[in-house]
Every structure is written in C-alpha cells, then in structure tokens.
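Presented sequentially are two complexes of chain A, the first with chain B as partner and the second with chain C.
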Partner chain A sequence: MKKERGQAKTMIIDRTPWIALIGIVILLVLPVFIQSPTFFQFMILILWYAYLTTSWNLVGGFAGVLPLGHAAFAGIGAYASSVLFIHYGLTPWVGMFAGAFLAAIVGIIVGAPTFKLRGAYFALATIAICEFLRVILENTQKFLGFDINGARGILLPLKGHSPINYQFLDKRYYYYIILVMLAIIFYITYRIAQSKLGYYLTAGGEEKEGAEALGINVAKCKLIAMAISTFFTGLGGTFYMQLVHYIYPRGIVSLDLSFEIAFIAIIGGRGTLLGPIVGAVLLVPAAELTRTYLGGSYEGVHLMLYGAVLMAVMLFKPRGIMEPLEALYRWVHGKFFLQPLTQTDRGE
Partner chain B sequence: MDIILATIINGILMGSVYGLTALGLTLIFGVMKVINFAHGSFLMAAMFLTYYLFRLTGIDPYLGLVITLPLLFAFGYFTQQVLIRPVFKIERDVREPISVLMLTAGLWIFMDAFALALFGAFYKTIRTSYKGAVIHLGDVTISLSRLYAFLTTVILAILFYLFLKKTRLGQAIRATGQDRDAARLMGINIDRIYNVAFGIGIAIVGVAGAVLLPFYYVHPVVGVVFDIRAFIVVVLGGLGSIPGALLGGVIIGVVESFGAQFMTATWTEGIIYAMFISVLFLKPEGLFGFKAEW
Partner chain C sequence: MNLLELKGLSKSFGGLMAVGGLDLTISGGEIVGMIGPNGAGKTTVFNLITGLHFPDSGDVHFNGERTTRLKPYDLCLRGLGRTFQIVKPFGTKSVIRNAMVGAFCRVKTTQEAEEVALEVLEFTGLLPKKNLLAKSLTIADRKRLELARALATRPKLLLLDEVMAGLTPRETDDMISLVRKIRDQGVTLFIIEHVMQAVMNLSERVILLHHGEKIVEGTPQEMASDRRVIKAYLGEEYVIARG
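After this line comes the complex of A and B, so read on.
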C-alpha cells in the first residue's frame, strides 16, 4: 500500500511535465480556433478554479491538513488590491502583491498556533477565519480609512481597455493571464513536490511523529506551505476582481467557495500535481450545468453534486480521480509502449 | 438591571440548546476522535422531520420525539455504518483521520443542498398551542417554549450522564473512547459501539431540533448557524467534555444575548468568532480545563 503510493508518486512526477506542457500548448493556441466570448468566459472559470485548487493543494494536499476557508484569502487579495486602486490609483498589477502578502500573513497567523494541534482544530480555525472575515467586511463601512461599503461591496472604477490598470475589454486577455498564473503555480508546486520541502511535507502529513523524530520541523514546513498557498490564493482573488469588477463579502468570502476549492482538489486527487486541475476540468463544467438547469432559483444547489461526488470518492477512491486515471495511463503504457512502468514492484 | 437579568436568562435558555447540539458532537468526537462536520445538517434534518410531522398529523414536537428519535438514531447509526466506517477503517491507525473529516464535510454540503432542492429556500415555522405564551418571573418575561427547551436539555443531560456512567453500554462507549484497542481486547465490538455512539449523537441532535422548532424557524441551511455554534462550544468547553459542552453552550448563548441587546445583531456573530479564534489560539484545550470524559 505504502510502496504503491510512493511509486505512483514518482511516476506522476516523471511524466507530469510533459502532460502539462502539452496541455499548456493546446490551451495557448486554442483562441486561434475558437472565438466565442462565452467559451472564454467558461474556460476562464475552469482555469481560475484550477488555479485556486492547485494553490490549495500545496497545503491541503501535500501538508496533510484540511483548510476549509481559502475563500478568505481570495477575498483579502481582491479587497486589498481594489482598495489601493480606488484610493491611490495604484495599479492592481502592484496592488495584487500587497493583497497576496496580506493573505500570506493572515495565513501564517491562522496556521502558526493550529498546526501544532490535531487536524480538526486547523480545519475549524480556517472555517472560523473565513466566517469572521465575512462578518467584519459586511459590517464595516470604513476600514483603516478605506471605504469598503459593508455588505454592499465595492465596485471597481472602469477604465475601458487599460492594460496598465489590469483592465481589458476582450476576455482573451484574462484567459491568457489566468493561464500563465496557472502555469506558474503548477511549476512551483512541481518544484516543491520534488524538493526537500515537498518530501518533508508529505512525511509530516502522513506520519507527523515519525517525521519529527527524524528532526523535521513539521509545523514550520506546513507554515511555509500555508504562506505560499495563501499568497497565490490572494493573487487569484485580485484576478477575480479584475474580471468581474464587483465584489461583495458574501460573493467571495463565503464558505461555499471555500468548500468548492477544497472539494474540487480532493475529488481530483489531493497531493497529486494534476489532480486539482483534473478535478476543476471535470467538476466546474458539471457544476455550471447544474447551476444553469437546477439552481436558477436557489443559490447553492449545485453543491449537491460536489458533496455527493466527494463522498463517493472518499468511499471508493480515496486518492481521487487521479487514481483510476493513473491506472489507465499505466495500462495503456504497458499495452502499447515498451515495458510496463511498474516492473520494480512486480516481485512483491 | 432588569434588562441585564432578562438578557442573562434568555441567553442561558438559548445557550442550553447550543449545548444540546454540542453534546452530540462531543460524544461523537470523544468516542471516534472525529469532528462530525455534518452535525448541523442532521439538526436541519431533525427539524424538517419534526416540522412535517407537526404539519401533517398535528403531533406536538415534544410528543413527536417518540417517532423522530428512533428514526434519527437509525439515521445516525446507518450513516456511520455505511458511509463513515469504510473510510474510518482505512485510517484506523492514522492519528489524524483527515479523510473522515472530508467525508462528513461532503455530507454536510450534500445534505444542505439536497434539502434546498427538496424543500426550497423558505423559512418555515410552526404554531404550537404554547407559542407566544410567557410566564413572568418578577419583572422578567420568559418564553414558555424556551423554558421547555431548557428543562429538556437539563433532563437529557442528566439522563445521558447516568447512561454513560451506569449502564453497560455506556461504559463500553467510554471504554472505546479511552482506548479503542484495549476495548477491543476486552471483547467490546467497537464497530457496533461507533455505530451506537453516532446514532446517539444524532438522536440528541434530534431532541435539539424538536425543542428548537416551537420558537425558531427551519430552513435548509439552518444547520450552519448551529453547526458553527456547536464547533465553537465544543472547543470552548474542551473537545470531548460533557459539562464543557453544556457550559460552553450557555456562555455562547449569554454572549449572543448581550450582543443582541446592546449592539447590532450582525456584530454579535463577529464577537462569537473572535472568542472562538482566541480560544483556539490561546487555550485550545478549552476554557475550564475539563478533561475529556472518556
């Protein structure tokens, strides 16, 4: 069992860069063939979720804990960059880093005391932070002198087509931006998974005491993962704001979004590189369809799908959809290419 | 002065219901070391069950417990048996069973969304014979339905305590909570104990739902309010502690009651979260230092 897991992981790392590269090339040339704005809106949504879940995966997947409040960090990023833009005219290209740093600081504040406790405490703390932040945002008109308008939310001043202000009229720009962002977070995750930190995180997530006995500062590794993860989630928040130009507390700092992020990553395969992306590609369109056909009158009905699929995955394929996909890949590889990849484990 | 007294009393009455919800949560945590994220959704299910029982047959929520309790016990028992046990088994030796947390989180979201699709996003209330009835204690006015809820909580908590301490099944539950391997060696069927503990936890939530309905509303996501309160209560009182759960519930109730009296209601929620986060960070073992009972 353990062995199989380790072996499967090496395999993913071996092949993933190629799969990812092919994917990125396809996505890069896609706008040449398809022009429909609806299609891009759709693709941007999928890529945005893939980006958020990949960020989540750094801490939720590799560090072996369960963050259930990541929407809070997206909210911090979105609010910070927008407030700086509105008040000082600071371009969101710079402002987004301020938001991301703020998100990372909050992430560290949440993680520092709770990573030492049982896993459930951390999960509870992240839920609490998300809800707390929403309550603060909904009830504050002015925060440190910045107008945030409470529950009404803030509207981004529109500048038309203004690349310097991170505002575009053509959706394709956003498509390329989120694609690049996804590629960056994917590359970072890939490097971390291969690095010492990645191995420490996996070790600490699977066997905390054992890892500590070997001299690994598990809590510190988890904190680093948390800081990186929340930083990029913050950048994702700014992207969302620039895309929709309008934000209100319940719209982004919600448990619904937090759960969506966590669930997509878990269903896809947490702790795997491609899992969160596979999850987003499969679930976001399915959820959008459910939302369109069922959820017209009720907000949140599409979450039924997420909950049901998540439970099924936990029951039958705890490692997510990546598990059967990898088996298929291995089978295809063994059938049509040279020798099977799993030869080392045959003797056991 | 009277306002303050009334606020405190109302807070205690409401807080007892929070305590009752948290009691089931703390039992399940104490025995299985699993936070049941779907706890509030079970409360929601219990409230809808009570609601429709009342609407269709006119049976009073308290009387309806005869019907709803066995149903909810079975609901909990089989949820554990069918959904949680297989996942739990894989992680038996893992100290921090994350997959089970995810499973219950999935159940939470699923049940809430399912109820939304089934019942619609309407607030539903019932009208019992004692709705709106009050008694006067000096200058303090107390709602009868809340008083009943409080008394039920007290009685149930005593019964539950005696059950755990005196009966063989209760002792087996505690033994499993203390050390599952030793309990198994003593011939306790721990799988069954988990099922029973989960069933009892959900049945207690069923009582909470029944006593809540006469003065509250039911809505597909009503569980979230109580879910998050229950998490706060158990952490405040110390995870796995029974007196801690009840006392924690009362504290939250009183804080909320004061908040509602003296500032905007929405800020009260903020204060509760702030309390929760500070306890989690500063004193995660709980405010009172109660040891877990198991």
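After this line comes the complex of A and C, so read on.
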C-alpha cells in the first residue's frame, strides 16, 4: 500500500479503543498467572505513571502547552485526603475526591493567569508554582489546624487489611485500582479527543488567533482541560499515599516527578492517546532498573537516562515514539491484509 | 438595517495613527471593497471590527448591537467571520478537521460538524483534498481552506483580508466566482483587496483608505476615474493602461 506524504492519520485513532480494550483484558487476567509481589509493585508503578501522564496529556498534549509542575497537584490530592483521614477518620475513598476538587480549584487558579503566557514562560511559571508549594509545605507545621509536620511529612495510620479505608496488604488490590483508574482517564481522554472540546483544544494549541476567529474561547477551553487534568492528578496523589503510606514534600511535590511525567509524555507522544502509556511502559522500567542497580551510589542516574532518551527522541522523532509505531502498524497491516485500512487512509 | 456600522473608529500604535476617525456603514447583502496603499490601516480596521484590537475611540455596531469591546470568539458566535491575510491553518490537522473546528461554532456533535464541514468543503472545491494535512496545501488551497473554515461558522458578515493575494490569474478567476457564490448565499462581504480586477468586478461599493482615513467612497466606476484615487493608489499608469 502506497502512502502519500502529508496524509491525515485518522485511522489509528479509530483503532485505539480496541487496542486499549485488548490491553486492559490482558492486564486484568495477568494476576492469575503471575503472583510475585515484586512484579506487582513494578506493574503498579508503570500504571501509576501511565495514569498521571495520561492526565497530564489533556493539558500538556492536547492543549499544546507544557506544564512542568503537575506533581504539585498530586501532592495536593495526597495531602488533602490524608489530613482528612487522620483528623476526621474520613475514608480516603471520599477524601480523594475532596483532594481532587482542591487540586482542580488550584489548577484553575494557577491556569487563569499563566495560560496567557506563551511557550517556555508558561513552563517556567508552572515550575515556580510547584516549587512554591513544596517550600510552603516544608516550612509549615500546621495548616488550618491540621498537622502536616513540615519537611518530615505525614505517616498514614496503618489499619492492616481495611478495604473501607483504602488500605490493603495484598498489592494486587492496588494493581486493580490503578488499572481501573487508568482505564477511566483513558476513556475520558478518548471521548474528549473525539468531541468539540478536543477539536477546540488542539486548534487553540496550534493557532490561537485563527482559533479565536472561529469562535473558540481558547483560554476557557484550556482551563476546562486544566481542571479535568488536575482533578485526576489529585486522585493519583491519593492513590500513591495509600500505596506507600507515607509522604513528605520532597517525595511527591517535586520537580523530579513533574519532569518525569512530562518526559514520559514527550517521549511517548504528546497529544496522542496511547503515547503516555507507551512512554510509561518504556521509561518506568528503565528508571526502576537504574534506580535499583545504581541507586545507592549514583543518585539521579535515571533522570540522566531520561535526558539522554529525550534528546534522542527530540532529534530523530520529535513527535514521540507513537509516530514510528503507527507507521509500523500501517506497514504490518498493509503487508498481511493487503487492503486499504479505511477510506481516510487512502491517497488522493 | 445596517449590518455593520463604524463610528469615528480610531486606533494608534504608539505615535503612529493606524486608523483615524473612520465612519462606515455596510448593509445586508452588499459586497464592499476596501483598497489602499500598504500601511494604510486596512487590516487594522478588520482587527478593530473583529475584536483582535480594541479601538482607542469610536464604536463598532454589528447587527444592531454595540460590539466595540467584544472578543473575537464572541463576535464569531454573533455571526462575524473573517479570514486572515497571512493564513492561519491548523497545519498538522487534516483539511476536514480544520473545517470541523469552524463548524463546531454552530453544532454540538462531531457527526453534525462533519456534515457541515463536508458541505463547505464541497462548496469551496476542497472536497477531494479533505484528508490532506493543511500544511501540505498550495497557497491557493490554503486561502480556500481559510474561507471554508470561516463559512462553516455560518457568518452573516464575512471579512476577507486579501484572499486573492499570491494567486495565479486562473486561480484569481476561480476565487472571484467563489466569492460571488458566497454572496449569493446571503452572506454580506467586506473585502480588502489589492487585485484591482477582483475589487472592480466584485464590489458594489469601494472605499479608499489612506493613512488611516477614508479618502473616497463610491462605485467601482467612480473610483477608477477619481483623481484622488489615482493619485493615492492606482497611479497614472493604471489610467493609461485602461485607456
């Protein structure tokens, strides 16, 4: 099958739900065959990063801006649900929504003035906000009467196996929870990408003046995307807290995490549905292995690895790894099925 | 009723007066042309009407409503469309997706938007190229796409900023008949144009802008023989060439 340059690639989008569905089914039955806790710890981490990056992608990918402070919103979610649990015994199942709403509100407050900034200035502003929050958290013992213990962080009271309190001894529960969360945010992103909002976000991200002349309130669309993105990032923060039971400001509201999320998206493919997942599958294991084997002696080697991969991707495939993957998929399809994929895929 | 009414519209950039006290009315169903030398302030007038810039003084009334300080997207929702002199396509998106973005101005679902988009692409002759990326189009097709997107928003008044610029004579002829077709659909047009053949053929009324001020206003025939127009814009050669 001949491909013409400059041909629109609508076909992959259409197949994405099926690829995702197959992936989810495989991941659902996986625990039947593999029971190693280490493996689950590993898988949970990959899924968690894929989840955070998919949330990030709504703003960082579709809306065409580059937020580099999303860890702040994960931190807000984690702190809010934990503080409510410790002080009022409110189950994190409810508390996580309080945290998520708080994250979304902060997201809107942060987005309203910063979306006016262009390019690198927006990225710098989000970095500053993330750092600002970390410094505040590190230097605050009590916030609105809640103990947050400054730089020491907070420890979740352990309840053993207590599903009502979002605490489990078996890692498989966390595995299933984050898998469902990823499926939900993936589905939401998929629906948005196909909707008016998705069209408006990509249009506004690419050519603001042109978009506004066509009736698009670009700033408003970006704020909606920011609210949804930060809401789900907040939920991801609570999940992390429930998984590790302990957070401190530098451990979650960090630029490391913020950058990792952005790197995964950029390397996987910003603004594509599967990009964040592909990025997480490739990068998280690499990061974990370097952390395990070089962790004690060479702190931060995994970030150097990210940097090297990022540079290579930017040089050779600026639109991320999804681009060659899509081309490969097309090639395989053309080779073995020998018929055009869809009408939109044919040359003129 | 006047569709568009400008009253004493003025705008300065720093010390430079781009538009000074412009009065103009356009009623429904007209094609009005605006000519003038480079830097005369023509595009600034469009930017003031469409809310891209706000005037220092003066007022814009569109469709019986004062719209002076409304944003471009609010004006688009009220039925004011425009194209840009330097086209602004969503380059990495397909032609049909570009048109769908415009169509979403009036419809909610993706399916409806696709129907509207296909209709305007057929109208502008871009249908065979609907799956090409916007950045891969020729300049003539980009101008058409700019028009198609604007039409998809269902405008009452459409401002065209030099849609003929950079086209071959053949493409210019096609574009002239396309603009006529748009007017026949009931859309009022206000066009900036340097291609005199197009302005003279299309417009029922022409205004000459010079240093931000309206110097002459009249029918194309009146304009072509007016000394002031010849002096400020057309030049003596134009008169000689026309015999």
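Note that in this section the second predicted complex is superposed on the first by the 328 of 348 C-alpha atoms of A that agree within 3 Å, B and C clash if a C-alpha of one lies under 4 Å from a C-alpha of the other, contacts with A are read in each partner's own complex, and residues count from 1 in each chain.
Just so we're on the same page, a residue touches a chain if its C-beta (ideal position, glycine included) is under 8 Å from a C-beta of that chain, and two chains touch if they have at least 3 such contacts.
What you see is a predicted model, and the numbers here were worked out from it, not measured in a lab.
One of chain B and chain C touches more residues of chain A, and that partner is B. Shared-chain residue A:Ala203: touches chain C; no touch with chain B.
Once the two complexes are overlaid on the shared chain, A:Phe259 sits against chain B while remaining clear of chain C. When both complexes are overlaid on chain A, the residue A:Leu315 reaches chain B alone and has no touch with chain C. Looking at the shared chain after the overlay, A:Trp18 reaches neither chain B nor chain C.
Of the two partner chains placed around the shared chain by superposition, chain B is the only one that A:Gly64 touches, whereas chain C remains out of contact.
In the superposition on chain A, A:Ile216 makes contact with chain C only, not with chain B. By the touch criterion stated above, A:Tyr121 is placed in contact with chain B alone, chain C being left untouched.
Chain A residues 209 lie at the interface with chain B in one structure and with chain C in the other.
Of all the residues in chain A, the ones that touch chain C in their complex are 5-8, 10, 194-196, 199-200, 202-203, 206-207, 209-218, 344, 346, 348.
Those residues of chain A whose C-beta lies close enough to touch chain B in the complex are 64-66, 68, 113-114, 117-121, 123-125, 127-129, 131-132, 135-136, 138-139, 208-209, 255, 259, 262-263, 266, 294, 297-304, 306-308, 310-311, 314-315, 318. Across the complex, chain C meets chain A through its residues 50, 52, 71-73, 76-77, 81-82, 84, 88-97, 100-102, 104-105, 108-110, 113, 128-129, 131-133, 135-136, 149-150, 152-153.
The touching residues of chain B, counted against chain A in their complex, run 29, 34-35, 37, 83, 86-87, 90, 95-99, 101-103, 105-114, 116-117, 120-121, 221, 224, 228, 231-232, 235, 239, 264, 266-267, 269-270, 273-274, 276-277, 280-282, 284.
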